[in-house]
Amino acid sequence: MNETETKKLLQQVARGELAPDDALLSLKMQPFDDIDIAKLDTHRGLRQGVGEIIYGAGKTPQQIDRIGHALWEDGQRTILVTRMSREAEEYFNKDIPFTYYPEARAAVIGAMMPADTEAQILVVTGGTSDIPVAEEAAVTAETLGNPVKRIYDVGVAGIHRLLSHTEEIMTANVIIAIAGMEGALASVVGGLADCPVIAVPTSVGYGTAFGGVTALLSMLNSCASGVSVVNIDNGFGAGYLASMINHMGGKQ
Amino acid sequence: MNETETKKLLQQVARGELAPDDALLSLKMQPFDDIDIAKLDTHRGLRQGVGEIIYGAGKTPQQIDRIGHALWEDGQRTILVTRMSREAEEYFNKDIPFTYYPEARAAVIGAMMPADTEAQILVVTGGTSDIPVAEEAAVTAETLGNPVKRIYDVGVAGIHRLLSHTEEIMTANVIIAIAGMEGALASVVGGLADCPVIAVPTSVGYGTAFGGVTALLSMLNSCASGVSVVNIDNGFGAGYLASMINHMGGKQ
Amino acid sequence: MNETETKKLLQQVARGELAPDDALLSLKMQPFDDIDIAKLDTHRGLRQGVGEIIYGAGKTPQQIDRIGHALWEDGQRTILVTRMSREAEEYFNKDIPFTYYPEARAAVIGAMMPADTEAQILVVTGGTSDIPVAEEAAVTAETLGNPVKRIYDVGVAGIHRLLSHTEEIMTANVIIAIAGMEGALASVVGGLADCPVIAVPTSVGYGTAFGGVTALLSMLNSCASGVSVVNIDNGFGAGYLASMINHMGGKQ
Amino acid sequence: MNETETKKLLQQVARGELAPDDALLSLKMQPFDDIDIAKLDTHRGLRQGVGEIIYGAGKTPQQIDRIGHALWEDGQRTILVTRMSREAEEYFNKDIPFTYYPEARAAVIGAMMPADTEAQILVVTGGTSDIPVAEEAAVTAETLGNPVKRIYDVGVAGIHRLLSHTEEIMTANVIIAIAGMEGALASVVGGLADCPVIAVPTSVGYGTAFGGVTALLSMLNSCASGVSVVNIDNGFGAGYLASMINHMGGKQ
Amino acid sequence: MNETETKKLLQQVARGELAPDDALLSLKMQPFDDIDIAKLDTHRGLRQGVGEIIYGAGKTPQQIDRIGHALWEDGQRTILVTRMSREAEEYFNKDIPFTYYPEARAAVIGAMMPADTEAQILVVTGGTSDIPVAEEAAVTAETLGNPVKRIYDVGVAGIHRLLSHTEEIMTANVIIAIAGMEGALASVVGGLADCPVIAVPTSVGYGTAFGGVTALLSMLNSCASGVSVVNIDNGFGAGYLASMINHMGGKQ
Amino acid sequence: MNETETKKLLQQVARGELAPDDALLSLKMQPFDDIDIAKLDTHRGLRQGVGEIIYGAGKTPQQIDRIGHALWEDGQRTILVTRMSREAEEYFNKDIPFTYYPEARAAVIGAMMPADTEAQILVVTGGTSDIPVAEEAAVTAETLGNPVKRIYDVGVAGIHRLLSHTEEIMTANVIIAIAGMEGALASVVGGLADCPVIAVPTSVGYGTAFGGVTALLSMLNSCASGVSVVNIDNGFGAGYLASMINHMGGKQ
Amino acid sequence: MNETETKKLLQQVARGELAPDDALLSLKMQPFDDIDIAKLDTHRGLRQGVGEIIYGAGKTPQQIDRIGHALWEDGQRTILVTRMSREAEEYFNKDIPFTYYPEARAAVIGAMMPADTEAQILVVTGGTSDIPVAEEAAVTAETLGNPVKRIYDVGVAGIHRLLSHTEEIMTANVIIAIAGMEGALASVVGGLADCPVIAVPTSVGYGTAFGGVTALLSMLNSCASGVSVVNIDNGFGAGYLASMINHMGGKQ
Amino acid sequence: MNETETKKLLQQVARGELAPDDALLSLKMQPFDDIDIAKLDTHRGLRQGVGEIIYGAGKTPQQIDRIGHALWEDGQRTILVTRMSREAEEYFNKDIPFTYYPEARAAVIGAMMPADTEAQILVVTGGTSDIPVAEEAAVTAETLGNPVKRIYDVGVAGIHRLLSHTEEIMTANVIIAIAGMEGALASVVGGLADCPVIAVPTSVGYGTAFGGVTALLSMLNSCASGVSVVNIDNGFGAGYLASMINHMGGKQ
């Protein structure tokens, strides 16, 4: 459904020819435009309450530039680009608002959504090498309108570092726990917290860390309740889900 | 030892009623009772806002009976027992309120918490063989005070079955998607929903289903956003986390 | 040596023109020419009804050039080269008809076979990153004389995209379903279609995608009937098999 | 859609209120009945041109009996039951036509479809231990109306056994190649044949046979073209797909 | 070397025909007797400073009885039997001193060595299901003359339980940390302790616990220093090594 | 059909006694008899210089009895049955010469071939639990006419035990090294020996022994030259190959 | 915050100089300084009796330089830097004492601790390719004040090389056994020694060496007692643990 | 044992002070020199009847040059260097006889041993990409004095190619079967041959070829007798073992 069709549909509603409920369903079910690179899902913002997201991995700088501008022209004002290389950043035509977050390897076209809740998302990492994944999660959550608090390098081997943040962990609304190596952070945080914990294994480590598989398995077997897991290094997925949960209050 | 007790302790020190050295020893939190089978964490209700849970796997009928009664005597009025065999159920001394849910292989000592929210948790399965895991999730969520809606046997190979429930999926508050074999249900549900989806791989299948590993991997790689995963067959974990998310509204 | 030649040989024995011992030696089928790089199977066209194929991976530009020309001189007029790098393409001496398909990383020496059937092969992909594999499959099928229809970037996470092609899926003769990550596309397509579905896992994804293994396992466990699987990224194999099936009608 | 609804729909078509094409689409998209055990897909026969199939694994004798009779009452006259144990067979109420095939661990309620093609499906096994899987494939194909030829115990270690059947392999319409251990049968058969080969790895073997994984990997890496693979021990899937391909001629 | 030969050797030393150093070397290099079941290494007590050990797994009750009595007759007075089933325990002829430890599935023929050090070995477990492995470790260490302190069921998900034992952990001489599931206990204990930590993964857990592999990988990747790992469920190995380390003081 | 028969056939063609077409059909080697259980390869004795072998695993006592008697009637006088259970042994009709070797789980119908060489095969094991596999290897080699020397329970952890047999290892003609757990025996034996070493991993061990996989990997990575490996627990394969090598002298 | 400081704090409360609420906040142990790169644990020296360690992998030359100087300014006089590249070494500002050990890829800022024990640590390797890992272990142990003896390239395939060092192995206090490929060194050394053996698998090898996994599995399954294992290539971890054990005597 | 010691030992024999047998044992047990790079095993020629071998992988050009010259000076006249890069070849000081075999990535310092047997080793490969491994095997065998016959690119998918060499396979003394992908070559060759077959899996293939693991597993599960396996790409090991077997005749 393109812009013309969407307008027509809304006019039908305006004229009383279409019930709003039916229009909503139509908009949800057939919301995509067709440009040659990929079928853009330009109503995702409507359907899932968030802006559009471009997954930059495997896309050329040219493709990212083109899709980004197409979405902007479609009217999107908050477009997150993840896994965006320095090369893509340099290539991008900055004739539209654009901010790059190097540690997160992400960019925002337009502007972050304004924070519409006071509930904080806590992002915790085991080590300093986990920070790029953490920043991807944090920038994603911030882009989607969430206040984010970062606590980095508090791995369980020096448990006192982590425990000095017990207060923040116990009062958090949602926690993203990010760790490589043995991934024990998720279990300890999950035991202290009484909110959902999204565990993100990272590919940090060597030998039997197996590129994040050990941390993943460890997190899946967490003896703490309230912990769920996303793919290795999937900071975006964690940030997106955390935002979804953090906005749950508005439903009631 | 809760915050009040800790403050009391520090005030005793301030009043000179307690030597600093003795306070140092006491300041190590010890909020648990000690019975011989396992150190019961009888303040969990306070700390995490839920009743007590007994993980029945690997425990003898005698142990479950003993821990269950100890918790009841401690004042717990909602005690969930998971992975409880028929043998354990038969052995259990029913001199206290006790209900057994055979499909879920679970029991509730005392009573389920009354539903304190109208927001529903949706439990969806790919096949009929996934039902025991689904019931474990559903009974867990109900015990913790959530309305639960079940939609079973709507695997993606007959996508029209699943799509006939599009309305329920699009309006759900939290979804638990349970599937074995190739686990594709999580991706399709995740694509339709705009709420958190907790994916539970099950050990249903044969050959390269590898006891649930294929479904797990599939779910971790879901191309839909908002999906996170728990351990294979971990219905309890999914139900617990879903309840946590479903109660988020109360925080704001 | 084909059946005619063999019969001729036995008739020579019958006529006393050939000693039984010499015939014994000749009776070992040797239908191949010997050039120094590889024993070319120049009768494959006869035996399997298709042209000759050069698997370019692991061959130097020089080797591909040499084998390609040798086959052309042998009389082959449809020679498909797969996994052909840009370097090999540039090196190739274009004194014989030669067309390069960059997205498919493939070339045709001579010309594609004319389409000898109206039955279409449908090539479907989950994402845009799967396109190189899809093009290898499509170009293979077209080279072997099949009409091919492409539907790209219709992953199950936005199921409406895929469902908007329900008609084409339901009326296809053979479908090649190509996807990385969780590979759920095969199951959904398999459930909608009533024709053979050849599933091709791709190495698209990261972390627990394990270079295509997760998609492979998912496809092998498809709960839909009529689905079979080829090796990761094996677009050629899928295109070849699809062509074989698409030409089955001629046998009856 | 239940019987009443289906009748209503057909009456609309009869009265000219609904175009036949639209009715067909409706029937394809919403074809299931609801009984308490599982949502029966009672129009599969219409949609995919075959009878109904009950996957017996994980179902109790009572469930199989009930579903079988429900399908019969719904008008199905060819119902295949796979993975049906001796216990289920004994329990089944034989007040309706019922035939059990012990080697295939399968049964047919009603009758096999009459063979509607002369094209044969060839079922080949490497050893005698692969026969149960082979029989599941053969009985499935026969039930769906295909002539089937069986060649068992012709593993490649005694290559002359297999080669003595070169004629049958070279003239087959579709081949199902079934082997455990190293699974080399698929490659050799695939090299000899010029028709689609469906390879079925079996769990036959010990040690590094890894329950069929080695045969599976071997088959996926077959250097022969035209070979695709289904799950370990999935005789049904192979027979179903073979039947689909074997009936392709009717489309042109 | 049997008793007669050993005596002869010692007489040579006594007569000054053999230097003590040479005799010691001879004794170390050729210390075994031959009985028909297995070549008993009857000087292990001499060589490694400990009694003899019988690994009971895979041995019949008859074999254990026979080896046990043979060692006793050879003069051994502290013989540990590990992995000894109830059946073997019942069969054993108790005409020689014998004590069975059911939780540890172990027995001592003769008597435990008297504790010859005050330094304690601390045995810590994550859950109650880890206790059999812990008891195997503890009984092994006690048999070899070490004081042992047990702290069970202090998994990291309820970190306060573990922290209430900080004092004992910080002052321990050697720690054996035993856990299944995600095995995070080793990292937290390793971070708190300043003594060697021997980590023992157990096969406790389900699904992706993979029979102890997840705990093993987690422990190998511990971010704490001073942690090393033994095989899954290898309580004996941990107890033996802990005893070795706990007796190190005597060397200086 | 052997070479003589083939020549005879061609001579018949030369004499006009046989039509070329008929000869063409016959020329496909068919050196096997057909009984209903399995196609017996009754010329294997001629082709590979050994008697016939029945692989008993997966065959019923009835099948073994039937095949054994069929081979005997065919004239075979040395028939080895491997993986033969006690049940099969008891069922076997002993109206023909039959000897059962319980530790090897093997039997010989007829008689072992007389030793036709003085060169010995050395069978070495790491532990006592490896003996069943070792006996299968030893009995196989003896059946095929080889003198065999056994050295059991000489694992590398007590290296002096193994070194006390250095002389035998250094002078052996072929060695079969059998070990489970870490499989280090193959490397040490391979380093001492200057003859071919056939390594057999066994499924002895627990936890990370992974049913023989660890021993297998260890043996494949042996830093000693002259070592090759067979499947886990494949005593028969090792004995057969050792016999082949041990008879090599006769060729020169 | 150390024990003295904590006691001081409680005494301040006792004297009324500090409000209980403020004490409550401070009582969360915070013994670390905060610089922007990582939270330095500057009391580790006190708590674990060793200097500070910088894990160089994943840190930029700038970060290492900065952390190194910060620790020196904090008063640390023995700072070990592991996994330090040539680039980092060249960048490091040598205005403070600095020694680089190229084979170990490690450096010491300040000076090694003087050897405070005569007990030696023995470092043994299977091959020359294992030397970098061995040197990391040796330099770590030397930095922490231990005499170290190196015996390199004594793999078990030439067992006489290793046995020529039997005396040193039998009299060692702690042994670090380092090997890639099949890792059998640990078992043989473990069988000869009567002291703790720390086994370090290395990533040396190819094919089924799987980057050290085979050596790791082999070492975990060592049939010798007293052997424990650390992560692949973890020379630092082995050296650190060996030092800990080698200093045990001082405790008694 | 260095040259001086060896001379002294031989003088003792000459003077009758040492029995020749004892001297032989001494020479076998302590045969190594010490140069700084690696402990050279300079008597390997004596002990195992072959020249010295330098494994070039992981060694610098300088190290190979140095070890090669040291061995030459020690009197070795046939020194094989495997895994030798072009760089190492260019660096090597050719002041001593030196021949480089580029396809085999190997060199011979001095000269190949003259062929001392007429028995041939047959080297067979499945594809052209397997040739480097095959040449490493062939050059190794030739260096050790064996006639070698090569048959390359005869994979089983075109079985007639392989069968045209049936004569050579059936009359071979030892066969080295080399293949990647599905590795079926070993089974078919093993079934045709009546001599030992050494199977070498190669890392040729993609996707689920898993770098040679699939071929390895396939070969370990070969249903043919007389087949054993070496590590992936281990051409040297196969050539060395084949030579050992090919020289067996001399022992009798």
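For clarity, chains are labelled A, B, C, D, E, F, G and H in written order, and residue numbers in each chain start from 1.
Everything that follows uses one rule, which is that contacts are C-beta pairs under 8 Å (C-beta built on N, C-alpha and C of every residue); 3 or more make two chains touch, one makes a residue touch a chain.
Please read these numbers as outputs of a predicted model, since none were measured by experiment.
How many steps does it take, at the fewest, to get from chain A to chain D if each step moves to a chain that touches the one before?
Tracing touching chains, the least step count from chain A to chain D comes to 2.
Which neighbours does chain C have in common with chain H?
Looking at chain H and chain C together, the chains touching each of them are D, F.
Please pick, from A-B, C-D or G-H, the pair whose interface repeats that of C-H, with more than half of the contact pairs identical by residue number.
Repeated interface of C-H: G-H.
Which one of the chains is farthest from chain D, going by Cα centres?
Checked the centroid distances; the maximum from chain D is G.
Same residues or different residues where chain C meets chain D? The copies count as same if more than half of the interface numbers are shared.
Mostly the same residues form this interface, as more than half of the numbers used are common to both chains.
Once you find the CA centre of chain B and the CA centre of chain H, what distance in Å lies between them?
60
Cα centroid separation between chain E and chain G, in whole Å?
A distance of 26 Å separates the two centres.
Please tell me the distance, in whole Å, between the geometric centres of chain C and chain F computed from their C-alpha atoms.
The separation of the two C-alpha centroids amounts to 41 Å.
When the centre of a chain is set as the mean of its C-alpha atoms, what distance in Å lies between chain F and chain G?
It comes to 50 Å between the two C-alpha centres.
If you look at chain D, which of its residues touch at least two other chains?
If we look for residues of chain D contacting two or more partner chains, we find 158, 163, 207-209, 213, 216, 220-221, 225, 231.
Pairwise, which chains touch?
After working through each pair, the chains in contact turn out to be A-B, A-C, A-E, A-G, B-C, B-D, B-E, B-G, C-D, C-F, C-H, D-F, D-H, E-F, E-G, F-G, F-H, G-H.
Okay, in this complex, where on chain C does chain F touch?
Checking each residue of chain C against chain F gives 6-7, 10-11, 13-14, 16, 19-21, 23-24, 27.
Mind pulling up the chain D residues that touch chain B in the complex?
Within the complex, chain D touches chain B at residues 29-32, 37-39, 41, 57-59, 201, 203, 211-213, 216, 231-234.
Show me the residue ranges of chain A that touch chain E in the complex, using the header's touch definition.
126-127, 155-159, 163, 181-184, 187-188, 190-192, 205, 207-210, 213-215, 217-225
Quick check on the complex: what are the chain G residues that touch chain H?
Within the complex, chain G touches chain H at residues 128-129, 153-154, 158, 160-161, 164, 204, 206-209.
Which residues of chain A touch chain B in their complex?
28, 47-49, 53, 117-119, 173, 194-196, 198, 216, 220-221, 225-231, 237, 240-241, 244-246, 248-252
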